């Protein structure tokens, strides 16, 4: 069993999750190198995670002869550049979502990826590796709910983080609610239905922080979509769930319905007290998708070793971005948007 | 305690529910008269329900000096006419939904109703009398979930009735999915938010019975609405729930969410068997709203006795019809519809 | 349709429930007479419920030529005497649980009841008329869960009433936890299994109010029983459920399990807020069993009219009392008790 | 970071779980050696898990100078002997439950363990490492449910395995339902309450396979226990859950109740189809406790590295065995059993 030596760029919240997974829990992988602007973080990587080589410059890291693959968790605006550079160095690439922020730029990046067919490229839509989603997808594929007619997706961040988001939003742009949060749901819609989006109308309301109106941001938004075969999709995206991190998906078919995480149950405990009967809930995405993050990374390493193409492609990243942009355009213009 | 003597027009499925409730379970009310085209049904009303006077002609019944109020459960197309005639005879009127099928006709009927301010008029939006909805409405009004931002309503009939609907639809028009089924949800949206609808986009898909495309009918439809204050509403309407009669309502606010009948649990039984852990579900609307039908009728009688105005007005019926029409127009034109 | 004229003895909390049901919601029944020691309560009965005759003395009431049936909601210690007197006056009798407090006394009362075979006698085990229990019982009878092996019953009163119980207990004896609360569960075990209890061991613990040890009372108790055919029964009884009124029943069979009210869900609302995902709960027995109280009374009237024998017999009351006594004896002696 | 090299004895169903966890998912541990009677299984361990040394004889393996610790997953009857031999060789020991089958033998083994205080010993009560149980235990310890009054534990194996158990039971003795299955629940009762058991009464019923009566085995059993401080415990153990692997625990305190896995929900999916609303369920213990098995092994390695004593001690194994024996004695004698 050959070990795959991995270099990671970015050791922020998300980067540290991937780094630890690779270092401790991904068979056949070694976290060999890390790149970050902050020396303290690099020191921690060396001490806690056994990283051998650390860098402050990305190009230096990918020039190391000791790594086989790179995991990109840099700021979203650098993703496409980092992908292209790594591809050109002959490395396998795992990139966190989104693949990029600009459709043309993503298209050029896809050309570079396609020019290196022997190198694996995988995009971080980790929900596809969540066991509950996989269970639901399998049921759909086996016809257990008949033909799909409607998909409903909720992606609502915990309200506890809304106040700090408002401050953050004041400084610049988050990319907008749909590009930032709904992108996972857009991927789910495409993955589960196997269809592309044709028409979109999106609306939103700022009620807890009306100041977001001035910032061009949304606290809560909704988008309705019509897919190629008339399947319907309803997306609710938000930053203000009082009870935690609410990611829920519903699949309505001609023979039944499935709901994934109808209630964001944190564990198997039920509490009976003065409040009534309560299920504690997930509060953050790392908690909810802990296993999925691990499993997507294992899959990436397995793909490299087996010479297989990862399932989540750069094209998936492109299409999701196009739909998220259409949602934002609908918000901005208050019009129904048609995608070709 | 003066007894209110009630005459009923229409002894079909819905009419029989109202008739039995009045005859047996509404204090201070007597089911005195009944009007139906079928003599057998009238005979049953005399024998089983103790009805004193029966009629084949509506105008004859409302001319009887022995009745104080009329309950209209005739075909929808006759509602406005029957309301006007009864109002002019000085009777209190309870009318099943919808109040009518044509906006102008409804407006004229409202004028007649307004001309008789001492006679009670109540429309049969019985969900407002369901205990779970009242509990939720009270929480909203008390601010328990902060400011409302989104309302999601599902109204899906059991799939067991779809085949017969397809046959029925072939013969003529049902009024369309939104006028027929969503009208209750449209009333809920208006009742709970206290806001009117401004913009609507509606889509649909026929998957189990593609023949419905030709008939201009929908198996499953979805509508997204923006209300006056930007509150969002998502409506899913359908005729094909495999598990029964699925009426679910969700209220998202800045401080919490409420779901009414997230799962259409028939009773308090949970079954553990080879299928997993299962809750049996309501199969029909009379089962789900048994108590609500009873309570709306009791409220109607109490309003008459107390000289109070019923809460569900003819105007509520008009506004709901306007929105349902807009949904249908959106389906027909594939456009976003603006309401003034 | 002949009206059955009913006299009621006892207008306390439970008595008022039955009185209002008879007066307003039981077809073919009229609440004609009422007996209570308090004149104000009688005045209220005349005004609110339309009662025609009121009495301070029970024997006077049952001597009235105007009543057909009596509903006994007097103190438990008077039940047997009141039953016998009414039986001897030729009246039909509905008696709240328990039928009595002393086994020999109950046996003599049963002889009197048996001597009047044309008069209906029904005991107030209203749970048998709860729709969820009836649904579960039907499934058991149809073999849906195979052969019964274990029954688990929880009957736990809301903790909000515990403090006042402690004061009440200090004054005298409640009859003990098992006779007072578990008697309903004992009846359920017998009803559902069709078997009698053979062996009992009961234990208890006073943790919130250790003073109950001195009073010979229990805050929480548990009893394990072996039935004739080795079916097992586990009973938990208590006075301290923080979340409300927790009555739960579980039936384990060779082919599946059923739970009735696994969680005491008050309605169909689910709340999502900082506490997590919560279902509001029933707080009191009149709330939980509102419909069951109504349906048992309707059944009593139907039995009288049809000359049918009510299903819940005096013998059921006797057997439940014998088992409750055995539980108490086990607590007192710390021994396993064998019943013959 | 020093690697702990582990040798494992036993590569059956349970052994393979531990072996794979150590080989792939336990940081700082290497699965260095394996001992099994079957050469094919050893070959698989070398190829799939990278095991360096394989043995057919246990004493040979523990004599290898290359291992630091041993994981014992041999037949239960050999556990105590294998523990003693490994302790005497200076190895750290992890032993699957039960620690042994005979109380005296276990006591002697504990003496050997105590004579080697610098070697870690951990018993495989993995439920203590399940996140839901840890969450519940923490709530109890923090006083969230007040003082404990009652613990209810269900441990019911899937009915799909009952038929093969009947065949297996015919060949010899399983150790009995309580020693075989309830032992985990007995440990939970002791762990959560911090109390020992004083009195036990146990009963059982064979309904699906009455032949088990002749074999001295139980399909379903129940035990009621009184702990030192009068806290009550109810245990239901069985081999016939139609819906899967049902392990449920309830903690009743003076201020609230907790349930762990009230329903054995396999994942976050809810299915709505003709059966009603269904949650799929866990079918096997490796599925339910996958993470717990992993976490207990990680803890074992961490204890070795830190020189800490594992929390699950040999004494815990002894006490659980004593209680399980008392349950069996109660079944055999039909008496209440007192433990000193």
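By written order: A, B, C and D. Residues from 1 in each chain.
Just so it is clear, contacts are C-beta pairs under 8 Å (C-beta built on N, C-alpha and C of every residue); 3 or more make two chains touch, one makes a residue touch a chain.
Note that the structure is predicted; figures quoted are calculated from it, not measured.
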Subject >> Neighbouring chains common to subunit C and subunit D, by label >> reply: A, B
**OP:** Using the contact definition stated above, find the chains touching both subunit A and subunit B.
**Re:** C, D
**OP:** Taking CA centroids for every chain, report which one is farthest away from subunit D.
**Re:** B
Original post:
Taking each chain's centre as the mean of its CA atoms, how far is subunit B from subunit D in angstrom?
Top reply: 57
**OP:** Please compute the C-alpha centroid of subunit A, do the same for subunit D, then give the distance between them in whole Å.
**Re:** 38
**OP:** For subunit C, jot down the residues that touch at least 2 other chains.
**Re:** 145, 241-243, 255-257, 262, 265-266, 270-274, 280
Original post:
Viewed as a graph of touching chains, is the assembly arranged as a line, ring, star, complete set, or other?
Top reply: complete
**OP:** Going by the contact rule at the top, pick out the subunit B residues touching subunit C in the complex.
**Re:** 1, 24-25, 27, 50, 131-132, 135-136, 139, 144-145, 255-262, 265-274, 280
**OP:** Spell out the part of subunit A that touches subunit C in their complex, as residue ranges.
**Re:** 241-244, 246, 263-266, 270-281
Subject >> Complex interface listing, subunit C residues touching subunit D >> reply: 145-150, 152, 159, 199, 201, 203-205, 207-208, 219-220, 222, 224, 226, 229-232, 234, 236, 238, 240-243, 252-257, 262, 335-336
